[in-house]
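In order of appearance the chains are A, B, C and D, and numbering begins at 1 in each one.
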Amino acid sequence: MSWAWFHKLGSPKWFFSWSKSWALPLFCVGCVCLFVGLVWGLAFAPADYQQGNSFRIIYIHVPVAMLAQSCYLALGVAGFVFLVWQMKMAPVFIKSMAPVGAVMALIALVSGAIWGKPTWGTWWVWDARLTSVLVLFLLYMGIIALQNSLDDLVLVNKAAAVISVLGLINLPIIKYSVVLLETLHQGPTFTLTKKPEMPPEMWLPLLFSVIGLYCFVAGLVLWRMQTEILKREHRSNWVKQEVMEHGL
Amino acid sequence: MQSTASLTISNLWIERGERDLCQGLSFSVQSGEIVRILGDNGAGKSSLLKTIAGVFSPLEGKISYVGEDVTFDRSLLQKDAIYLGHSVGVKSLLTVVENLRWYCPDVSLGVLHEVLELLEITNHVDVLVKNLSAGQARRVALARLWLSNKTLWLLDEPFASLDVRGVTLLEQRIQQHVLSGGLVVLTTHHDLLTLSSRDVVLLP
Amino acid sequence: MAFNNFSEFLIMGAHGIYVWSAYGFSAFALAWLVWNTLATRRKTRNSLRKRLLRNQNR
Amino acid sequence: MTYSSFIRSEFLVLWRRKQDIFNALLFFIIVVALFPIGINSSAEFLAPAAAGIVWCAVMLAILMAVEGMFKEDYWDGSLEQWIVSGLSLPLLILLKVIVQWLVVVAPLLVMMPLFSEMLYLPSLSFWVLIMTLLLGSPSLFFIGAVGAALTMSIKQGAVLVMLLILPFYLPVIIFSTLAVKAAEAGLPYSGLLAMLLAMSLLSLVISPLMTAIAVKASVN
């Protein structure tokens, strides 16, 4: 296997020009898929026979919760890559991804709480999944706070990587530990091994909105990374050219 | 202490935050030599010493000590070197003797007191360092130069906050060290009174 | 379509308030994220360009 | 510098700073006392909650003790001396954390019988509580050391360390209190104790390495 792509990814200049052709299309595809999925789910999918129409929150809740976890996984991997290979793009990625992940976790928490009210009759229960998403949110906020309070760039990079890697190691333990607390939450909607229990007209829109949100977030993160690269590489000639040539 | 040693820096680049320092710096130090690093504020004198000592790694370049490449693993050099930075690493909650015992645990009490007498801090042996003056605390740190038997000395502004008497003492010690085959790399704003040194100038 | 008319769609069998507030919050948060991303992008580019022009004039 | 002279000076410094440790213990006592006074002082409430109360207080007290563990070394230049000493930095950090653990946890354990009486802890779960403290607290110190190292260059870093580190402490507190509850209910609890031990061992391996990275990055 060729490792050329890996080294290319490590170069800010290459990454910048590559991401320029991907960010907008990804974002647009994401928006369209998300729109299709949400409208389909909100207006056309049949109501759940137990939960009625409140189950329609699933079409935003599940994608967002999945992303909150995927983002954290990605942060941990990026942190590891940085600590082992000193790849320059990894801290840029962490810096750009952390706020996005935090917003995802926050939406998951809020939409979950709102969904809980009609379903369980309470806004909040100390259930395994809710608690672990709350912890996830706190972890994201910790990373962001740490990055904002340190001012030396070398230290910011290392610190964010260290805490991301630690979080990645700890996340399974946290999940395992909170499972031991009581659980009210329904099981996972999608698993790789089993066919979904929902009828297709219910899970197909969900699939759309999941894929849509992934693309949406990918586009956003690419944009944020571009900004971060410009900030960090502002002394190099290609950035000067880039800034002067393209207005926005 | 080794009788012949050499430190060679070749094509060294150091990155500090936003700036590149020591762009492609090369020099070497042999036994019996004093090298004085000169340069404006912010030219990277302290960073250079820290890089040699292994506090951080250079962006590019090679550091070799007694013929071995130590760029990636500085432990060979570190076992044979003393580094004194801006903050000297003297613990304010330990007494003078405890501080020196921390750094040089193998020295006998007799030698310890001899050196303290030379440095004129005998009266304060059992005083916590936080109760000493800045100059006295500096002398406690400098006492390591008398107590340990290392070849390479990396001294960042060693004369800072020393009085005239202290400066003379330290210069004598450096001279003595160099004559017995030691290597000294130092930065200073003072003019060296009795020592002759080779200068390496860092351009910003 | 799972609903007969638009007002039924809005009410969602008494669950409308929950569904729409969840979606409202999500839309707000996502919109903030997009706005924040684009705004910092614009600000960074502008400030870099200004700095560059200032240096050129000097 | 050698490993043994390092350990000796660490003990000495901690001894000179005994007021700090004493403050952390006092803080522990006050937190424990808050629960009966603030919520409910009856045995029916306190007995089942005792392990949780003790663990919350222990966690906060340890966090207080650990949060600034590298600050002084950072400002007086000792960290640089550790790095250039030619000794292994992770090993030095490991030793430092172990010294801290001994000095803080030993008095906590000594005070435990008193607190178990004050909180009406059922006598059969007392030793399980002690076991959870012994097995679980090392990981609190190791994780806390990483947080302390990451924030040592910030003058007012205490709140940040809490924000950063407390989420990582959750599993320890969950496993510990569950173990005590299981013991009270007569269920097997050795699995939970093994979990605590595993976490302490895992953090013993990972934390010194991560802390070393943070220390090296902070000394700039």
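We adopt the following convention: a residue touches a chain if its C-beta (ideal position, glycine included) is under 8 Å from a C-beta of that chain, and two chains touch if they have at least 3 such contacts.
What you see is a predicted model; the values in this text were computed from it and never measured.
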{"item": "Chain closest to the middle, measuring from C-alpha centroids that were averaged per chain", "value": "D"}
{"item": "Chain whose mean Cα position lies farthest from subunit C", "value": "B"}
{"item": "Euclidean distance of C-alpha centroids - subunit A vs subunit B, Å", "value": "49"}
{"item": "Euclidean distance of C-alpha centroids - subunit C vs subunit D, Å", "value": "43"}
{"item": "Distance from the mean Cα position of subunit C to that of subunit B, given in whole angstrom", "value": "57"}
{"item": "Distance between the centres, which are taken as Cα means, of subunit C and subunit A, whole angstrom", "value": "16"}
{"item": "Shared interface positions of subunit C, touching two or more other chains", "value": "none"}
{"item": "Subunit A: positions in contact with at least two other chains", "value": "152, 154"}
{"item": "Per-residue multi-chain contacts in subunit D, two or more chains", "value": "216, 220"}
{"item": "In the complex, subunit D residues that touch subunit B", "value": "1-2, 4-6, 8-9, 12-13, 16-17, 72, 75-78, 80-81, 83-86, 216, 219-220"}
{"item": "Subunit A-facing residues of subunit C, complex", "value": "1-3, 9, 12-16, 18-19, 21-23, 25-26, 29-30, 32-34, 36-38, 40-42, 44-45, 48-49, 51-52"}
{"item": "Subunit A - residues contacting subunit D, complex", "value": "83, 135, 138-139, 141-142, 145-146, 149-150, 152, 154-155, 157-159, 162-163, 165-167, 169-170, 173-174, 176-178, 180-181"}
{"item": "Subunit A residues within the subunit C interface of the complex", "value": "38, 42-47, 52-54, 56-57, 60-61, 64, 99-100, 103, 106-107, 110-111, 114-115, 117-118, 216, 220, 223-224, 226-227, 230-231, 234, 239-240, 243-244, 246-248"}
{"item": "Complex contacts: residues of subunit D adjacent to subunit A", "value": "143, 146, 150-151, 153-154, 157, 160, 163-168, 170-171, 174-175, 178, 199, 202, 206, 210, 213-214, 216-218, 220"}
